[in-house]
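Next up: the structures, one after another.
Two complexes, one shared chain (subunit A), two partners (subunit B, subunit C).
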Partner chain A sequence: MEWINTMLELLPFSFLQYDFMKNAFLAVLLLAPLFALLGTMTVNNNMAFFSDALGHSALTGIGIGTLLGLKEPLFCMIAFGIFLSLAITKVKDGTTSSDTIISVFSSTAMAIGIVILSQEGGFAKFSSYLIGDVLTVTQKDLLLIFVVLLLSYFIWALLYNSLLLVSVNPSLAVSRNVNARFTENVFVVLVAITVMVSIRLMGILTINSLLILPAAAARNVVTNAKAYHWLTTAIGLISALSGLVLSYEMGTSAGASIVVVAALFFFITFFMAKINK
Partner chain B sequence: MGIHNSCGLCRVELKQVSVKSGSDILLDNINLEFHCGQLTALIGRNGAGKTTLLKAILGEKKHSGKIYYEKHDGNEMKHPTIGYVPQQLLFDKNMPLSVADFMMAAKSKIPVWAGYQRAEKQKLKKRLSEMDCDHVLDKKLGLLSGGELQRVLLTMAIDPMPDLLILDEPVSGVDATGLDLFYKKVTFLRNTYHIAILLVSHDLALIHRYADKVVLLDKTVAEQGDAKDVFATKAFRQTFGYFSGEDTKWNG
Partner chain C sequence: MKKIILLFICFPFLLTACTVSSAKEYENTLVVVASFYPVYILAKNITEGVPGVVLENMAQPQTGCLHDYQLTTKDRKAIENADLFLINGAGMESFLNGVQRQYPQLPVVDTSQGIALLHSHQHHHHAEEEHHHEFENGHIWLSSENGMIQAENICNALVQKDPDHAEQYQKNLEAFRSNIHSFQSTQPLSKGNAQKAVIFHEGFDYISEEYGFVVEGEILAEENQTPSAKELAQIIDHAKQQQIKLFFTADDAGRAYAELIANEVGGSVYLLDPITSGPMEKEAYLNALYYNQKTIQEALDNGYS
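Moving on, here comes the complex of A and B:
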């Protein structure tokens, strides 16, 4: 880690003299490409509402962790997130509108979480999860996020084409020997892990925007998969770094500041697309 | 029609194939056989189970019974190559996905976000030009017309050349010229590569002209045989009314 610190100090940002800012800087540097990667497919598959529900369900994960007396609820959050995402994927194949199904799961999970966490009026100590705090990131967190990023890129190299075919037409994907159900499940599990690993840093209320906005901004102006992927990554990185600087200068929430910058990108590309039409 | 494709599929036989969904019986004891070098048309009312049968053959829907692929030497073909042209693509039309991306995703292991080689793209262009469709290669998939999309899908379905080509109502939203072009191409494929083709369509006039065999489906096989024989049966008349000739087109 020492050489990374030295490298960071060479950058022309005064805030990087603080260790907690160094860690926060590294965290958003790792999270931005991770969210960009998964965001492109989440938006392609019209799953913005799904990932939103997943974020809210973190409360139940935290709640279960607390009930079990765990100091660190991350494991419970990941386990519950995976369970919920697989359950939604399974149920939404039926006839009921997937909108309704996701809403039912989302509200239930959030309510259970709040019920558990608000026992004896103690919700306040969990409220930091709502808006997140990237400054509390530890080196252990960074390592974990790095591992998830590597894993995601690995899966993205193996399964991306299959995911693309499934999102256009599942039967066509099957005719190409793609296991549609498996591919879809791997993707939602990956989203669940990513959301849960980063939610303490980015906040339950803002995490979905980080996933959706860079991809939504990029797709306004691109026509192919390669441009989509790289422009989303670029927008994600620029939003994350400038959002972090803004939050440092203004003393605001990092997650929300990043979202504001990403939203700005969305409106810029949105009007660019309108003008070009 | 002496040229057989390299894999040498001879016939496909469905033995007692049934599909259930909960307590609903979607397909009931289908016994059916179709051959290479033939265009078999599947007709029936809406909800007769045509698409379900295609999905069972594709392996997407669980079914009981057996779907058996026999090679020319009489042995079973374990893993036939199946080409599939879906009825429609219900995807987000704004998806940033070019025709080249889509075709490459179906063909290549290299993820399309990493890009692809110019030579590979040239190959796709050449294949599309055989369908008079090479101008769409860099277009967004969601912006293609019905006819362009069908030709792109057909181009993909025959690369690699399949043993069995499945066309699900492949001409919805396509004008008459595009439709004729599509069927001429399909007939050419049948004659040249001797592949088995299974077609679902409502267009009885076209079926009358192009199909070698017609299967009337109503949960199970109601009638099968030559187009003119099937069209003369009572079961056919109950579903479609009288078929008076090629000028008449049904959309029932």
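Moving on, here comes the complex of A and C:
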């Protein structure tokens, strides 16, 4: 870990003299590519609303965690997130529109969470989860995020072709012997783990924008899949770092500041695409 | 289909049937409701052993401070039955405005009467630049002197409401008073023996005042506030410059920030009890005072003599 610290101190940011800012810096540096990776596919598969629902369901995970008397509810959050995403994927193939299904699941999960957490009127205690706080990230958290990032790249490499095929043309995928259901399930589980691991840092209210905005911005201007991925990663990284700098200078929430910068990128690329047409 | 609709209509009634109401089971008793934990344990010292008095706590013990507290339906039921509603006062019960509008007859007793409030802005390190508004610090119960005044106010209200048992209330108050006095005679620090500290709980201003600490910085991470990176950086710089080694936090949201800052400047984190939750017994108040005293003594022994 020492060499990372030394390297960070070489960077031209004055705030990197503080250890807690170093950790926050590393956290967004790890999260940006992770979110970019998953974001491209989420946007491609029209799952923006799904990941939003997932973020909200974190409240229920936290609630179950407190009911069980756990001090660190992360495990419950991940377990419930995986359960919910599999449930949504299972149910949404039916007759009701997937919009409605996701909305039903999302609001139910959120309501259950609030019911549990607002027992005895104490919901205020948990409101830090809504906005998130990247400043208190510990080295243990960083390690966890790093592991999830490696895992995601690994699974990505294995499943990339089938995922792409499923998202472009499901029936073609089936004819090529791709197990569409399995592929989709692995993907949603990955999204669930990523969202839950980072929600304490980024906040329930803003986490989905971090997943969607860089990918959406990149998609406005790219023409092939490779460029799409790299541009998303670049936009993710730039917004994450500028967001963190902004939040440091202005004393605002890091998660929300990152989202604002990413949104700016979206509108820039959106109008660039308009003009080029 | 009709049957299903009928069932749906019956549903709410089924639910109420499950929770049998316990309305007005106390005839001929004095129902005293305390707004939250510290008021409850103070009042417990006064009402203990007096026949015909039922003391209840409105907010549940794990609630913590009452900032942004939302009344549950259960709380409203408790308040509605109250003959006396004891509040901490000093702005702690921010929900009270709405409640008093709903129950104008509610006999509210403000236990903060006669206490000199600290103003939170005095200690804010960053206060000069941005925040010029001052707000009252309502965590009065954390100093033993104030706790005693609150107990006196509670006693007076009870004596007025229930004069038949006046003697017993006053006897209880006397016992409590002598306990507080013997606590105060064991203070480790005399005033003016000023050590610099950073605190992570608004209420610890009162503890600092009692023990004579100089609060050089204050990070408030209670519940809905999170400190910004800039604020943390300023405190770290200041703590390094002033060589502050004492960081007092409660075991709540502030603890992560305390550890973060102590790590950075090489000080130690000490956990104090904000007395907002704990056992529901009358000894709890003094036990917590002694616990804090012991922790502070330890902090001073570690390198400060």
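Rule of thumb we're sticking to: the second predicted complex is superposed on the first by the 277 of 277 C-alpha atoms of A that agree within 3 Å, B and C clash if a C-alpha of one lies under 4 Å from a C-alpha of the other, contacts with A are read in each partner's own complex, and residues count from 1 in each chain.
Operating definition for what follows: a residue touches a chain if its C-beta (ideal position, glycine included) is under 8 Å from a C-beta of that chain, and two chains touch if they have at least 3 such contacts.
In this text, all values refer to a predicted model and were calculated from it rather than measured experimentally.
Novice: Just from the overlay, do subunit B and subunit C fit on subunit A, or is there a clash?
Specialist: On the superposed model, which is not a single observed complex, subunit B and subunit C fit side by side.
Novice: Which holds for A:252: it touches subunit B only (first), subunit C only (second), both, or neither?
Specialist: second
Novice: Who does A:189 touch here: subunit B (first), subunit C (second), both, or neither?
Specialist: A:189 contacts neither subunit B nor subunit C.
Novice: Taking the superposition as given, does A:222 touch the first partner, subunit B, the second, subunit C, both, or neither?
Specialist: It touches subunit B, and subunit C stays clear.
Novice: With both structures superposed on the shared chain, find the angle between the C-alpha centres of subunit B and subunit C as seen from the C-alpha centre of subunit A, to the nearest 10 degrees.
Specialist: Spelled out: centre of subunit A as vertex, angle of 150 degrees.
Novice: By the touch definition at the top of the document, which applies to A:8: first (subunit B), second (subunit C), both, or neither?
Specialist: Touch status of A:8: no partner.
Novice: Please provide the least distance in Å between a C-alpha atom of subunit B and a C-alpha atom of subunit C in the combined superposition.
Specialist: 22
Novice: Of all the subunit A residues, which ones make contact with subunit B and with subunit C?
Specialist: On subunit A, no residue contacts both subunit B in one structure and subunit C in the other.
Novice: Which residues of subunit B touch subunit A in the complex?
Specialist: 54-55, 58-60, 82-84, 86, 89-92, 94-98, 100-102, 104-106, 108-115, 138-141, 153, 157, 166
Novice: For the complex, which residues does subunit A have touching subunit C?
Specialist: 15, 18-21, 24, 118, 120-125, 127-128, 131, 133, 135-136, 247-254
Novice: Quick check: in the complex, which residue numbers of subunit C touch subunit A?
Specialist: Within the complex, subunit C contacts subunit A at residues 59-60, 62-64, 67-72, 75, 223-224, 226-233, 236, 253, 256-257, 260, 263-264.
Novice: Under the definition above, what is the set of subunit A residues touching subunit B in their complex?
Specialist: Against subunit B, subunit A makes touches at 40, 44-46, 156-158, 160-162, 164-165, 167-172, 174-176, 180, 218-219, 222-230.
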